[in-house]
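In what comes next, chain A is part of two complexes: it sits with chain B in the first one and with chain C in the second one.
Let's look at the complex of A and B:
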């Protein structure tokens, strides 16, 4: 149902955000630990990068319904 | 009462003194007898009186026939009683046939005519006293004559019979007397003249005495019988005279016959009497002679006995007892006697003539007397004969005359009947002609009327048949149209039923789950409206989705909308151009901070500012709450952007439901209309 779509989108968003943030975090942590001498800036950077990616994904997912996709065009 | 008294007495006896119940009963009987003796006396007196009266009446009725007739007329059942007591009334005659059955005895008698046989005549029953017609009177007179004749005849017959019997008896007695006299005479003659030995002589004398006795008795009997016969004949004569005096014509032959019989009987009786008398006279002579002889014998015996006293009377029997003297004396006496007799003979010869003359005279006298008597009787007889002959001839003549008159009358009657027959024939012919004419005309009338009637009947019948046929045709058409209409109605009904089913299937919705797929019902509807384009179009206009999946109910849509509303509120600011996350955030913020009326009545015309999603949602909510899904859908349709995208499904569902409902309602209306239409008169 169409009303559930948004909910599903948000679920994906959140899931994706959580993953990306977590991955970022992890990567950050890893990088910070590994490469950046346990600075917090790679963690925040990576997590923010992750968050930003998640945001971007979420946004594009939310916008996707307004965009004409190729297969729709072909249809 | 008696029993009560007895019981009371018994009880008292038993109680008081223990006497034997027998004496008690006796006492009681005494007591009760004494009490009721007065009543018994009265009852007895009454009974005696009644009995005496009845007996006296019966006796008087026996004596007086008129009284008897009067009693029988006036007192019911008296005729039965009197008949029982006295025998039937004397008018009733009895069948009698008198036959003089001793004809062989009287061969010399005339032929006795048999009196005619009288038939039984029933006496006339007591006829009611009324004016009788002439025929009845005549018949009654004739009957009376017949009755009289019968009485006369019967009486005559009776007398005839009795007199005949008496006469026969007399004749028989006379004959026997005659025979006895003859026998006696003969035996006397024999006794006197025959020379037989003395023992037989005594026997003969005894026979003679017996014969004499017989003769005397026979003569006496004959005398009495003669008297009886004379009596009977006299009574018969008187009866004949009496019947002659009755003047009944039919009796005359009977009277005649009776008279003839009487005459014959008298004649026979006279003959026999004369015979007897002659025999008697003969016997008298013989007896005289025998007396003389006896006298002479006696004389002789006296003389002999005077001579020889010791000789016994029966001198003929003496043979060896007489001595010579006796014999001589006897002979001398005999001689003397002979002389005496010779002398007497001479004297007698002399006196002979005188004696003969005297006796002749005497005889003549006697003869004359006898002759006279005979002549008288013969004259009487002849007179009687002639009179009878005359009467007979008269009756014969009368019969002949009557016969001739009867023939003449018959001839006249025959002529009359012929004439009457002719007249009747002519009349008959005339009448027949008339009748035939009348019959012919009537028949013609009847025929014409009958033909008319039958024609009328036929016409009526044809008319009736035609009307019936027309009505039948009408009825058939009506029935056919009815059948058609019925078919239509049935179809409509079926359509309606299927539509109702569809309608019902719409209702089979549970919360949040759609109805059953309407395919079956829709198929039923489609089936039930093959030939109805409209209905068919409608039926096919049902949305596919509803057919396959069913539709949601308004309630579920409402509920869904309620949940949708918050979502739509949240994404109210997001549309094609504004669809970043920031917008999302803003719209969420807006939704959190904006408060609108839950429900708001939508205006009739939407203006620009009414297109605000919040307002729209409140309008739609209001509409939904008030059951107007269509308006709600319309309002929801005005949403744009993400809100629109969010409510898209809901809208589709609402559209489906609305569509389906519209189609179903249309079909239902149509089915109702069709049903109504068909049930009305065409």
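Let's look at the complex of A and C:
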């Protein structure tokens, strides 16, 4: 993996992280207002879930260059 | 009859709204892979200035908001150059420390003569 590619992967990771935390925050607010009587914990929970999803995506993205992919195996 | 139906209707409305929000988030790729997430961020960044303009027009605040001046400052460039500068200073630190110590000692020796 070249350095340029690594830089792009990190950029994607950060952008994805921002999007997912924001989405989690938004959904958390909606759920908190609708179902959980405006408590704070659904907001924290959903934001943290978004962060976790972004972490998983980032981990998978950074590891993908070291893994043998299915279409390469078939060749 | 209507009194009994009301809580059910309320719950159904809440579930519809909550489910709809979740569906919209999933459908627009916000909960997908890294590529989809970064694409969504680019689209959002591109869509914000026209959206702000439209809102300003709607509220009639067009004339009041001054133009945000374009600052020729890139945080990425600043950060990168900061990192390079720090690392190069650290790598030259032992050499420079030896040099300055020797110069200091030489100066003291000259003073002592």
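The definition used in the following text is that the second predicted complex is superposed on the first by the 74 of 75 C-alpha atoms of A that agree within 3 Å, B and C clash if a C-alpha of one lies under 4 Å from a C-alpha of the other, contacts with A are read in each partner's own complex, and residues count from 1 in each chain.
Following the convention adopted for this analysis, a residue touches a chain if its C-beta (ideal position, glycine included) is under 8 Å from a C-beta of that chain, and two chains touch if they have at least 3 such contacts.
Remember, it's a predicted structure, so these values are computed and weren't measured experimentally.
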Chain B versus chain C as contact partner of A:15, first or second or both or neither: second
Per-residue contact with chain A, leading partner among chain C and chain B: C
Touching partner for A:58 - first (chain B), second (chain C), both, neither: both
Chain B versus chain C as contact partner of A:30, first or second or both or neither: second
Which superposed partner A:48 touches (first chain B, second chain C, both, neither): neither
Set intersection of chain A contacts, chain C complex versus chain B complex: 58
Touching residues (chain side chain B, partner chain A) in the complex: 560, 563-564, 567, 571, 574, 576, 579-581, 584, 642, 645-650
Residues of chain A defined as touching chain B within the complex: 1-3, 5-6, 55, 58-59, 62-63, 65-66
Interfacial residue positions of chain C with respect to chain A in the complex: 14, 17-18, 21-22, 25, 30-31, 33-35, 37-38, 40-42, 44
Contacting residues of chain A [partner chain C, same complex]: 9, 11-13, 15-16, 18-20, 23, 26-27, 30-31, 34-35, 53-54, 57-58, 61
